[in-house]
Amino acid sequence: MVKPKRIHIKKNYCIGCRLCEVYCITQHSKSKDIIKAYRGKEVKPESGIFFEEKGSISFAIQCRHCDEAPCIEACITGAMYRDQHTGRVLHNREKCVGCWMCIMVCSLGVIKMDQREKKAISKCDLCVDREFPACVEHCPNEAICLVDSDGRKITEE
Amino acid sequence: MTYEQLKNLEKTSRISCGCGISGIVNRNGNAFSGELIISSICMMRERGNGLGAGYAGYGIYPEFQDRWCFHIMYDQPREKENVEGFLETRFNIIQQEPIPIKKIKSLSFVPVLYRYFLVIKDEFSDGLISEEDFILETVMSINRQFNNASVFSSGKNMGIFKGVGDPDEMAEFYRISDYKGYIWLAHNRFPTNTVGWWGGAHPFGILDWSCVHNGEISSYGINRRYLENAGYYCTFYTDTEVITYLFNLLCRKHGLDLEISGYVLASPFWSKIEKEEDPGKQGLLKTLRIVYASALINGPFAVVVANSDTVVGLNDRLKLRPLVAASDSDFVYVASEESAIRKICARPEKVWMPEAGEPIVVKVNNKRR
Amino acid sequence: MAKPKAISEFIIERDMEKCIKCQACVRVCANDVHIWDGESGETISRDIKCVGCHFCEELCPTGALRIKRNPSETRENAHWKKGYIYGITRQANSGGIILTGMGSDRPHKNYFDCLLLNAAQVTNPSIDPLREPMELKTFIGGKQDKITVEKLDSGGWSVKEKIQGLLELEIPIMFSAMSFGSISLNACKALAEAAKVSKIYWNTGEGGMHQSLYPYADRAIVQIASGRFGVNVDYLNNAAAVEIKIGQGAKPGIGGHLPGEKVSEEISLTRMIPEGSDAISPAPHHDIYSIEDLKQLIYAIKEATGYKKPVGVKISAVNNVAPIASGIVRAGADFITIDGIRGGTGAAPVAIRDSVGIPIEIAIAVVDQRLREERIRNRISLVAAGGFRTSADVIKAIALGADAVYIGTAALISLGCHVCQKCYTGKCNWGIATQDPYLTKRLNPEIGAKRLVNLLRAWTFEIKEMLGGMGINAIESLRGNREQLRGISLNEMELKILGVKHAGEAW
């Protein structure tokens, strides 16, 4: 199995701005433009990254693209699948029937119901059409970074 | 501008110049005619523009070899009385006479030129300062106090002859070919400004040190401050003065030998010091650079410095001015151009280009006494 | 009026077309300027609380915010400027000293801006730093005036005097003293890491050294200030050098005060004081009332550290800085740090910050000249501090006579500081001048260190270009070389004090 690149979270540096959520939404919107996505007529997608905080500690978490993904196991239609090339756990909207078994089995709670199409779900896809996921690129304090399968940080250089 | 105006300008400001330099030394101390050095420097006529030239010879006064010899130029004849009065308070004047010259039509202004053979008076010779420091202090005093006089040579059994003119004019004027010496230096000047003052020409000398120099020092500001704090006042505002004083300070007062002084003035780069294999030499080079940081000379230069028993040729760390050396039997030649050497020695045994920052040191054996 | 309302210094302009109501600004402002009104569904900004730090403006994803100076003006008055009027109003309200942070912002004459540098042309070639070595290596510490060289039988040489106890810097720049307490631990970590990578030194300031910074102790200059915070045997023995802090440029003659609320557990452990107690640094060291007392302390530290490290003294630039420096040299110091009137601080009374002390340019010039006249210049290294803004300022300071410079404000600006001068509130949005964990996590030390290294690298290139332009390839040939400077807009006295000729004068 090809191991996917992973997101590494550094809770010590999360400043609690929640801009990761803003950029995830923007990236997955139709227009991919932040002002149009938020102020325009289209319905915004859900964010695939979720902010958590307690006291002065905070961080944002998304799908971990687990090696043994319970969501893939639980999916009755095969809509939840692993992409052979990148190793990512992706979701096929066409096949999804909205049974929400995946949401129930995910121990991290990083799969959510999609408000746009009542049957499909929304989940981090590691930004399939970008080199760097939107949250990694835009986190102002590098609290979210991309690492390769050996755990080494991947940087723009 | 009048002579006075030109002198005052040159005395208060530095004038950049390009130059030609040459030096000849006989390793066994055998004296040879000044003809050789004249030929050599005149070969490089194009390196000057007729506004300055000079010669320094060692071993030229064998009959007065233990006497201090001052060459003094007077811009105004009446200053002579004042200076002689000052000298009489400190010295017994064994002999004083005009420096033998030949009148040349092309020289516009000629100062009054005198030489004095001196012995320090007893009451000053057992003092707290050494003989050399006393002479140094005397020369500095005269040059600072008397506006119309300059001591331009102050060694034993050596003399500097210089002025505003071509090297052949100066050679003829001072009758250089009449003298014999075992070390000769010569200089041909190309100043960027109009100059008239004879004191500004080169070589520059103090005690038995003389120096000919081609270059311009970017570190002049700090070198001069360092020297002033060590008691050397730079009254001539030339780079050559600074180099001469630095050699004097390091060798005479700090007891460093000439080769090491060369390493102070043209220190190798740190990257080269780090690669030095001999730990003793590495430690020495590092220490010299740290302790003598203010004596490092930056900027292009090629110098030939002499005292009674040594001649040193040195280039700056990047070799931005030319310097060629050659040796043949007991003669060693250093000059700005190879042609200046081949003119007087057609086929020397060895010819080479000294490395940037590596001094050539020639010691004279059996110095004639 | 019994209760006049305070006037905002800044106003916030929010472009409603661009604001996407993400509430990032609401969440991050430590001064609670922006709030979210759930009822109206709008973000509201309260100008009066804004300090002008620009954190929200730079964070806003759509650039919807603009922070501006409040245009509300008093009538033009060259003498009674707005600041003076409001200063008195505040003091009438509170009866207290007005505090401020960072260095003096008054328009004192800036001598760096009146000094110009030379370049070599025609008679002397300029040097290209990309092709030739350009050496900036600097040694801090006391040096001999001369050495004895012995020729060995083997033909080599050996030097009798051993040079030791010097700090070796790749470039003549170090990080100024900023204590853990005045700045956050993350900021300290960024400085320490950058100093290690760039092969220079950082300074602990008077707050002691936190445990997590001990791996960087070999590049640390530790301070012994009047409060003696954090001074123990490990502190001294692990450091590269020791600096006795007599004064600092921002507040000459007075001490310091870190309020008890800011003395957290970490600070209490590092400073060796009880948690929650005020950390007061008294005005003088109460064991240094005269020059001989200083000599005693210097030698006590040298004994304690085995004479292996340089021991220096930091003073403010004051009227008599030249004789004071001369005395310090004779008291046995290995380096002297002089902090000019533009030096920064976490907290100081405005009146003292802006009116006490003299500019560093003048201080360096007179101290260097005096020490050379007394022939003791080689015994110490001179480190200049106080408001260096660019590499040109650094090079000018060296030409005037400094061996190296300390940068403080410039380093903090690299980390994000916008010089809002509110450090004393402890609410630094950039995570620098604060101990609040909500705020300190904003300073990612890895990013911080990278930015500092970038700044140093950029300045190094610029310095090399300027040096090469002058025809110099080793920094020691520029040190004290005032011939390479010329002055403009300076009167005769100023030129004389700086030891510099006027532009247009040749050699």
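Order as written gives the chain letters A, B and C; numbering starts at 1 within each chain.
Throughout what follows, a residue touches a chain if its C-beta (ideal position, glycine included) is under 8 Å from a C-beta of that chain, and two chains touch if they have at least 3 such contacts.
As the structure is a prediction and not an experimental result, all values here were calculated from the model.
Among the chains in view, C has its Cα centre nearest the centre of the complete protein Cα set.
Comparing the centres of all chains, each the average of its CA atoms, the largest separation from subunit B belongs to A. If each chain is reduced to the centroid of its CA atoms, subunit A and subunit B end up 81 Å from each other. Each chain gets one centre point, the mean of its Cα atoms, and the points for subunit A and subunit C are 44 Å apart. Each chain gets a centre from the mean of its Cα atoms; for subunit B and subunit C, those two points are 47 Å apart. By the touch criterion stated above, subunit C contacts subunit A in their complex at residues 17-18, 20-24, 27-28, 59, 61-62, 436-438, 441-442, 444, 446-447. Those residues of subunit A whose C-beta lies close enough to touch subunit C in the complex are 10, 12-19, 22-23, 34-35, 38-39, 56, 138, 140-143. Interface residues of subunit B facing subunit C in the complex, by the touch rule stated above, are 13-18, 192, 215-216, 218-222, 225-226, 228-230, 237, 253-257, 260, 267, 269-271, 278, 280-281, 283-284, 286-291, 293-294, 296-300, 317-318, 320. Within the complex formed with subunit B, the residues of subunit C that make contact are 120, 123-125, 127, 132-133, 135, 137, 139, 143-149, 151-152, 156-159, 161, 163, 166, 372-373, 375, 377-378, 470-474, 476-484, 506-507.
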